[in-house]
Every structure is written in C-alpha cells, then in structure tokens.
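Chain IDs A, B, C, D, E and F follow the sequence of writing; residue 1 opens each chain.
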Amino acid sequence: MRPSGRATDQLRTVSLEPGFSKYAEGSCLVRFGDTHVLCTASVDETVPRFLKGTGLGWVTAEYGMLPRSTHSRTDREAAKGRQSGRTQEIQRLVGRALRAVTDRAAMGEKQIKVDCDVLQADGGTRTAAITGSYVALHLAFQHLLEIGAIKRMPLTDAVAAVSCGLYQGTAVLDLDYAEDSNAQADANFVLTGNGGIVEIQGTAEEKPFSEAEFNALLGLARKGVDELVALQKAALAVTT
Amino acid sequence: MRPSGRATDQLRTVSLEPGFSKYAEGSCLVRFGDTHVLCTASVDETVPRFLKGTGLGWVTAEYGMLPRSTHSRTDREAAKGRQSGRTQEIQRLVGRALRAVTDRAAMGEKQIKVDCDVLQADGGTRTAAITGSYVALHLAFQHLLEIGAIKRMPLTDAVAAVSCGLYQGTAVLDLDYAEDSNAQADANFVLTGNGGIVEIQGTAEEKPFSEAEFNALLGLARKGVDELVALQKAALAVTT
Amino acid sequence: MRPSGRATDQLRTVSLEPGFSKYAEGSCLVRFGDTHVLCTASVDETVPRFLKGTGLGWVTAEYGMLPRSTHSRTDREAAKGRQSGRTQEIQRLVGRALRAVTDRAAMGEKQIKVDCDVLQADGGTRTAAITGSYVALHLAFQHLLEIGAIKRMPLTDAVAAVSCGLYQGTAVLDLDYAEDSNAQADANFVLTGNGGIVEIQGTAEEKPFSEAEFNALLGLARKGVDELVALQKAALAVTT
Amino acid sequence: MRPSGRATDQLRTVSLEPGFSKYAEGSCLVRFGDTHVLCTASVDETVPRFLKGTGLGWVTAEYGMLPRSTHSRTDREAAKGRQSGRTQEIQRLVGRALRAVTDRAAMGEKQIKVDCDVLQADGGTRTAAITGSYVALHLAFQHLLEIGAIKRMPLTDAVAAVSCGLYQGTAVLDLDYAEDSNAQADANFVLTGNGGIVEIQGTAEEKPFSEAEFNALLGLARKGVDELVALQKAALAVTT
Amino acid sequence: MRPSGRATDQLRTVSLEPGFSKYAEGSCLVRFGDTHVLCTASVDETVPRFLKGTGLGWVTAEYGMLPRSTHSRTDREAAKGRQSGRTQEIQRLVGRALRAVTDRAAMGEKQIKVDCDVLQADGGTRTAAITGSYVALHLAFQHLLEIGAIKRMPLTDAVAAVSCGLYQGTAVLDLDYAEDSNAQADANFVLTGNGGIVEIQGTAEEKPFSEAEFNALLGLARKGVDELVALQKAALAVTT
Amino acid sequence: MRPSGRATDQLRTVSLEPGFSKYAEGSCLVRFGDTHVLCTASVDETVPRFLKGTGLGWVTAEYGMLPRSTHSRTDREAAKGRQSGRTQEIQRLVGRALRAVTDRAAMGEKQIKVDCDVLQADGGTRTAAITGSYVALHLAFQHLLEIGAIKRMPLTDAVAAVSCGLYQGTAVLDLDYAEDSNAQADANFVLTGNGGIVEIQGTAEEKPFSEAEFNALLGLARKGVDELVALQKAALAVTT
C-alpha cells in the first residue's frame, strides 16, 4: 500500500556514517533512505552572552538544504538573504532536542554548534538531522574527553527522532516524500533512549485527527526510535 | 500552588471583544488574563500565485509583539530588519490552525490576512492569538456573506488553543508567564469545537516527560478549549 | 463644511489614558478621534555610545503602525525587513520633540525609549504620538523620582503637537484622514506649554501657500496645543 | 561674528555648473561654498504603478553622500545595506519640492529620477540639492522638448531652498557646518520664484524659539531664495 | 619540499563521481585530495529577462561552503543574510568559465543553474568547482538531448581549472591549503581541452612576481588541466 | 580602427588632480578620458580585529558608482540594500593592489580606508581607481609623515593599472566603453613602477584566447603602466 512497499511500521533503510567530515570534532552522515543529511559538531570556546559566568555550556544547531537536494531546485537561502521560517523552525527544534539530553554543567562554558546540511531530501530531513546530530555531538564530546577539556560525558541519554503520519487512513512510520506530501496528518516525535518524550509536533494537514489516531502514531514512533537508538549505539561503538 | 492561585484546571479570565478595530472586516481583542492580543482579519482580493486559477482561497497570519508588551522591552523587529524564528513559527502555526477549519473552496479565490499583534504579554500569546483570530475570521466571513461576496460560511468548525504544562510536578492549564518560565515541560494544543486535534506542540524544557504526563496535559487542554469555544460562540452571538 | 462637521478651530475628541500598559514604566493610550496610539516609555540603563561618560541621558522614540490600523491593510514593516522613510521621519520627529523639553543632565546617564504604536489611524498619528508620549515620558520620570533613581523632574515644559491645513481654501485645525488626503497644504506644529516653537513642518501638497496662510495655521495650532496641554495636565494630575 | 565672516544676510558663494555630467539628460554641479552636490536628472519611460494609465508623470529624488564628503569619514550606506533615516528624509523632501513646481500632466506618463550626490559637505546639503536639482530637472525637460517627447515645459515656477538659523542669538542666512552644529535652532525653507512657500522645516535644537524669531528666519530665507533663483535663471540662460 | 610530499608538477589525487545526486539533471562530486565539491546542474525553463526572445540560453552558477567544510567553522552565509564578496567572485567565475565553452544558441531559451557546494575545503575549491561543474553540465545537456529538448550538444570544448603558486620560491601545481596560505603568489587558470585560455587570475600575496615566474605557473597549469580533462572524459565515458 | 581613433598602444588622455577633496587626508580625481573617479584616503586609528596587537596596519578600499555615472541610469546600491558582486570584486581588487606596495609594519596599527567613487564611467573604472588611489594613499601617508604619526613612507613602490583587450582581432591598450562592450577578451593588469606583476585578471568574453595573444596584452600593459606611473610621479611632485 505504501509507495515504497514498506510495512506500515517499517523504517526506511537507515545508515549512520560517523567521521564523514575530516575537520569537524564530530560528524555523521545520516541516511534515511534517499534522505541524506551531513551533521557536523564544532567546538567553540565562547558561549552566548546570557551564559557568561554561569559555568554552563550551550548546544545550538543550524540547518540548511543544498539547492538541488530537492526534487526540483529550491532557491539558495544565502542568495535570498534570509532563512525561511521553516529553516528556523527546524534548527530551533534540533537545538532543543540535543540540549534535552545534555548536562550543560558537565560541558563547562563552551559551545557546540551542530550544522545539519541536507545533501538529498526525500522527506523526514528534520528527524534524520536529529538522529545524526546526536552521533556527531557524541563524537565531539568524546574528543573533548580525550583531550581532557571535559571531565565526564555530558550526554545523559540518547535522542533520536522519526515522523509518523496518517496516509490513506492508516498510521505509518517514517514518511518519505511521496507519503508526506499526501498525508492527512503527520507528526514528528523526538524521544530518548529511555523512552522519554522530548518533543512532539503533530499537525493535521487536511482535517483534524482523533486522540486514538494520535496514540497510534506515538506507538509507531516508539518502535522506530528504539531501532534508531540501536543504530546510533552500533555506530558509536565502532568509533571507540 | 500556582503563582496566580488558580486551580490546576482553571483558565485565566478570558474575554473576547469583537469589533475592536473600526476598519478591519473582522477583529477581536482577546484577553487571557494579562495577555492581550489584537486580532484583525483583512480581506484581500488576490491569492498567492500557487492558487491562481484553482478556485481555492487562502488564510494566512502574521504575528508581532509591541516592543513593550513584554515585562522588559524587546527590540522592535521592524527596526532590526528581520522577524525572529519564534515569530515565524507562531505565525505559521496560527495560519495552519485557521486553515484546518476553513473550507477554502467556499471562499473562492480570495485571501484573508489575519494579524495578531500582542499589546501585552503574560504567557500564552500564541494560544490567545489563535482563539481570538477565529473570532476575527468568522466576522470577516460574515461580512463577506452579508455583501454577497461568498455564498456560504467557509468555517467548518470552531478552533481554539490553550497551553498546558508541568509546573512543579503537576499538570496545569493555561500557563502564565510566571509558570511558563519555570515549567518542566509545556505543550500547546489547537483543538476544534468537535474535539478534533489540529496541532500539538509539546516540548520538554528541562527533562523528558512521560506518555502519562502528556495525556494529563491533553485532558486539561480539552477542558480548556471547550470553555474557550463556548466563549467564542457567546462573543459571536452578540455580533449577529 | 468639514466632513466631520467640526468648527474650523475645533479639535477632535481627545482622550489620554495613562497607565494603559501594565509593564512599562510610563504609558498612555492617546485618542484623537478615531486615531489611537499606544505610547510606552521604557527605562534603559545604557546610553548611546556618544554619551558614555558625559553625565547626560537620552530620550529616543520608535514608531510603528499595526498593519490593519489603516483603512486598507498596510504591509507589516517587520515582514518587509525595513522601516519606511515615513516611519523613520516620524520617529526622529517624536524623539526631537521630547528631547526639546528634557533636561538631559537631570536624567543622568540613562535612556528612555518611547514606543508609539498606532492601533488605529485616521490622520494625525504623529501629532497624537507626540502628545501621548509626553504623558508616558512624564510617568516614567515620576517612577524614577519615586524610586530615587533621579533627583528632580527632568521635564522643563510640556510639549504637544497638532496638525493644521488648508482644506477647501480654509485653514482648519487637527486634520482627520478625510481632510488630510485632500488638503492643499498641511503643517505639523510641535509647541510647548509656554508657547515656544519646537518644530514646524509645513508642506504644500498641491500648490505653494502664502505667508498669511501659514500664519493662520500657526494661530490655530496655538489654540489646539493649549487645549492639549490642559488635557495632559489633567491626565497627569490623576496619576499622582 | 559668523565663523566665515559673512554678514548675517549673506549667502555663501554659490555657483551652478549645468551639464557637469556627460550622460544625464540634465545635470548641475551646485556649490554653496564648500558644499558641493552633483545633481543629475534621468528620464525613465516607466511610472510608478499607482500612476499607470492616469496620464500623469512623476518626479522622484534620491540622495547620497560620498563617504569622505564629510569632515570625518561616514560609513557607506551601500556597504551597511540600508539608507539612514536622514537620507530618506532628505530625498523625500527633494522629491516633494520638485513636484510642487511640476505640471505632471504636461510630462505625460514618464518619470524623472533626480540623483543628488554630495561630493563635499559643509552644511546645507539638502538646500543645495534642491537648488541644483531644479536646474538639472529643467535641462532634462528642455531635452524632452527638443526631441519632441513633450509639448510644453512642465515647470510652472522656479524652486530653490536655503537654511537659516539662530546662531549665538542672531538670525543668520545659509548656515555652514560650523554654524549648523552650534545653532540654537535652524530651519530649511523651500520657496518658489514667485514667493510661494513649498516647505518649511524648523527645528529647535536646544531650546524652543519664538514666533518673532521664526519670522526673522523666514525673512532671511526670502532674500536668499530670490538670489538663488536669479542664479538659476542665469545658469539656464547659458544653456539655451 | 611540499607539505604533502608531492612533486612540484603533481596534482592531488583527483576523482570525479558523476550522478552523485539523485534528483539533479546532472551532478558530479569532485575531489581534489581533501577538497570535495558537490556540483549539480539544474534545468530551468526560464531565462533571465535580458535574453527573452533572443533564442539564446544561459548558464549560471552559485557557490557555497558548508559551515564546517573548513578547518575551523565558518559562519553560515544564509544566517548572516548575505553572501561574501569572495563567494560572489567565485560563482561569477564559475559561470563565466562554463559559458565560455557553451554554444548558447544550441541550448535554446533555457537556463542551467549550476550549484557548487563545498563539503570539505583544503584549498582550490574554485578550481575543483569548475572542473566538476563541467561534468555536471555535460550530463544535464546529455539528458536534454536524450529527451529531445535540444538538438545538439551545446558544449564546444571541455573546460577545467587548476591553481598554481610560488611556494618557498618554487612554482608548484594545485596548491592545497597548507601551501595556499603561505604562497608568495598564486594564480587560477581556467583552460580548455584545446589549450585555449578562458580566465587567468593571478595575485601577488606578498610581493610582486615577474613575468618569468608567471610563465612557469602557466606551464604547470597546462600540464594539470590536460590531466583533468582526461579524467573528465573518462568520467563522462562511463555514463554514456 | 578604434572608435576613438587612438593608436592601438595609446592611452586615453589621463589626468590626476591631487587634493580634489577638502577634508580627506589624501585625495585624487583621476580621469582616463571620460572615466572620472574620485579617490579619497581616510585615516582611521582602528585596525580590523585580526590585526590588534600585531603592530601592522591595514589598507582597504570601497568602490561605488553614482547612479548616473553610466550611459543609462543604474540603480543605487544603497537603495537596493546590497552591493553587487561586481562592486565587491572591484573593491577587493583595489585593496589588494594597494597593500601589495605597502609596508604595513611602517604604518603601525592604523588603517587607511580608500574610497573610489565613479563620477562618470566610460570603461576602465577599476584601473583608473587603482591608479588614482595610489596618489590619494601617497598623500595620506605624506600627511602622516608631516604630523609625525609615522616615521617613514610605507609605500615601497608605485602601483598603477590598465586594461587591455582584443578588439576586432587586435590587441589594444586602455579599453573605453565602446571597445570594452565588444571585446573578444580583456584583461586588467596591476603592475608596479619597477615592473613587478601584482595582479592579472584576464577573461575571454567570447572565445578562449591564446598564450601569444595574452603576451601581446601584457606587453601593451607594461607600456601603459609606465606612462601612468610617470604621471603619478608628476602629480605627487606638485604637492610636495
């Protein structure tokens, strides 16, 4: 029934390629099927002004799409001179997701800037970005541990994300573009390895949905995130 | 326990003042306690380019805060030359919420631009904005009906919104600023008069929350939105 | 003869509502008929760089119109990414008017930022803004006196403003929109309680005017400003 | 008494050099002492949208200062990415002044764009700009007459401008920078060859001024503008 | 002597990976050692206004760097709201280089937009971008040929580019970052497969260089471009 | 054969007018025929951040064109809110050219900002700008020497620039606009008084050119720059 032939509760083929970037302190190329996002984590010794002197660190994120990552070309935001509302929404979401599993006192007064750049987009770029960013951030923290810049790992749990939606009346996991552009409703779930909810963003595209439908989506998301967290662990195991 | 002394499931005093603006086709000053938002709905005979020739209309929203609507002064976005990510997130949310209850074929090829301007901000400005915008939009459609520009009311249901959050370990309804800035988690719920879910945005500010906690928030939201929808009906009854 | 039926030397109904805003140190909602402007005065402990170390304070103003304050909707400046030339002209005028009656040494090195936001516009928004801003500024200074942050009231005189114009060959006081958009010439006068001239801006819209005509406008303005200053005093008397 | 040794009612040495620019349809380099402004008038076959189909033309102006036209260097507006409020105020003033003496029906649906670029600034750049722009505009209209693009000269009168101010308690004509930066009050007068008033902008810099003082400034301005108009005529006589 | 141990006339390891992007009509991931640039060519049915009705097509290019493509993180241009002068210089160069080998009449009135996005930067990004863009452009034209949208291949010759410089007194080919940042002079050469010169940009970083030195650089460039053109041919042979 | 009737190796009439601007520390109005550029050099006591504490100075340049310097009017960059890529390319070029002959240690930690503003443009504005800027910069340094702010002249050589191109198959010196817009190829050469090469920018406009053609252009440039440097010396001799 799904355009891709997947089962309703089946993720796309997911791969996490840590260390894709030579220079970043942490990096990961994440692929959810044909959605490919390069995530890099860069250490910055300065914190935003409101944190100066507090002993706390900060994790922030930026997001962008290459102009031809999309099915038809999208205008370059740098050329237009402004980031779209969608871009800002996504990068704020990624930053919040990562901070929710970060002990900022353990970081000390430093900042990690995570860049999520979409090389190819087939739906679900924001959930792929969160999933890959966690790996990049973990690697950057490992690097800081190795050089003695921090004393303990600031990450308190894993975090990953997946979208679910109502497609032709059925709840399905991990929407691709063909599904996303025809879904009755869709929701992005950011969950932790321990099952905590970090963020839920559910939107009725066409008509309102019911609580039962919402619970079905959440159930699928739990299954999907559990699988993503296992992949994150496997990817990080390789690098240490 | 709440700074305001309210019960956990108690809304702030809400008022809806239709027709606040002399010139707009529809308008409503909405107050959720000390949060005051002026909503105006303006009819525009042109639709966005992607709708030309489709016979469908459009409803969009813009949001702004007066610089001293806030406890301490916020820089004016027009002077800074850009709208913040937060502003864009909110105005996109308001537009989606209104479109979810609008039969765009019934509008014909015209556009309603809803402006939500915060005169005073004590938390919950986006939920107040949605609640008041529905009234303003309804009035603008009534005006179009009266002058014969449309044949039937395009609104298919009422829509209202409220925030809920975990404050000191307890689920509470309709957070004010004192609660919002100290909540462990908060969520905005956009629901229809018939109980449908239009949008859910839940965020863990401090630590992840559980599904049980989330369901408690949703339960409170249902109660709150039911009361808001009753107030919307009462306000609209006066104007007709 | 006037669209409103007013006498040539008659102001619109003017009201000044001090303390309209809960958070601002000083505020006033001013109404000149259907023109409504919310003026807030915010205390800022920093001065512009060119005043650092001089012992002098600063008063500045910003101006904006809500998009649907006008008869037909005006684009939002924050969304366009720039303030218009008209906006900048007006906010510079308001700032100069207020500084002309302020003893900046008595303020010490602090700044008052006055925001004038037009909720509804029926002509004369800049003159209403000046008239209301004086009240808001006075209240902010009173607040600073009460908390001991300044030693004496820095305001040396009252200041108010009104527009006059040649409408169908006759000099009239306090133009509303219907008159303003058809005036042969119009002028804005900023005068003090003691009769001093702070600012005159006279413009021939259609054809040049004579010195005699100009003097007739100035005469009307004196009468109008005297009445406005009396209203300012009455409004401030209530608050102390 | 004046830093320059001029009499109180004495203009600086003024020169008007028509045809300074090789390519513009009309141009004039105007010098008020050390203030030098290059004015060019460019014919554009398109009118602003609000005039399409009305048969009326338009005259507009833009203003800029070379970064080192000033005593110390000013940042380049093109590099900052925005025109200052002052720049916008001035270019709007120049445009209004020129339109006040233009019969826009006689132009037909075309536009003249006047550029006023300050090569050197020693006070009074806006009044010099208006005075020189009239000459440039006249030359552009002459050109259009010569090629048969218009049937009659659209200019109905000459227009020129000068500033006056209260300097050390005395009313003086045509302020230079040394006077302008220390004046108690100053005013810009835009007057026509026939003595009509086009625009008055008077500002108290330090303390309010009286009606008698204002009348003294206006009297000086009349004398100055009469001399400027005579120089305009002489300059234009040479070119025809 | 070179930090990389290469011979003075030795390119880095170069690879060209055609079809890297799933959606673009033409694409190529080019690697000059650790410099990796993703080039995509997108077909657009509209031409710039100055070409409407001429029967000629257009090829243009845009360039960007991922924030952490560089050794230390560079601010994102989309977030800063403007493209740097360097970015604009490079994208103009790439566009000119491609147009120099394109028969724009053979394209008909369509446009190819080439995007060059640097995934990793170790010097020479602009020369890699030109070399890879030629392959992407070729593939896009092949696609247009295959679908019958054009009648003949518009490319008249191959084009590739390489940088050369004076490093520690010696002329060397294909500078990497370690060399580039310490070179006395460097030059970028854009040459065609037939040996024609399309563009030369030589700059003395530290002290002027001589004609003999310049000729040595040009000689190296010829050798390098010949090798690059052979690699382009091999890469394109695979795809047809 | 050349539109102007000049010999192939003949410069336009060049004049250098030092001290054109009253306020700048150094200035020069340079004319290459009908191309007129006003160059000013302004001393600034602050250096860019990356030079703080290094003891080295900085020379930078900005470039602009008056809107009607061109044959038909060009939009004002300050009004558009951004400098074009061409503008940025040129001002970066001028800055590099001047720094190549400046001993930045001899300057101490100060900055010279050179502004090149085109009053009239008939081709070759960037080469005229470099040639005139050298004179302006020299005068600013002389001024610093005279007031004792620096100990020795930081300029190590003269620098000047000229364009050459292939026009109707022939190499010609110093292209004017009529030639430039029809040239098969053109190149800008920045050379020093001692014959060193500072910058070469050669571009095939229409079809690639050969090494022999390039060498012919370089030969012409040498002749032209030698003449320009002699004129620079003569102009500077007058001022000392």
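Note that in this section contacts are C-beta pairs under 8 Å (C-beta built on N, C-alpha and C of every residue); 3 or more make two chains touch, one makes a residue touch a chain.
Composition by chain, UniProt nomenclature: A, B, C, D, E, F = Ribonuclease PH.
Owing to the predicted nature of the structure, the values given are computational and were not obtained by experimental measurement.
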Subunit D to subunit F, fewest steps along touching chains: 1
Any chain in contact with subunit B as well as subunit F: none
Interface copy of D-F among E-F, B-C or A-B, judged by whether over half of the contact pairs recur: B-C
Geometric centre distance via CA averages, subunit D-subunit C, whole Å: 28
CA centroid of subunit A to CA centroid of subunit E, Å: 33
Interchain centroid distance [CA atoms averaged], subunit B/subunit E, Å: 51
Junction residues of subunit E, two or more chains touched: 81-82
Ordered ring members, subunit A first, subunit B second: A, B, C, D, F, E
Touching residues (chain side subunit F, partner subunit E) in the complex: 82, 84-86, 88-89, 91-92, 96, 100, 157, 187, 191-192, 194-204, 207-211, 214, 218
Residues of subunit F that touch subunit D when the two form their complex: 21-24, 27, 34, 38, 40, 42, 44, 62, 64, 66-73, 76-79, 81-83, 87, 113, 115, 117, 119-120
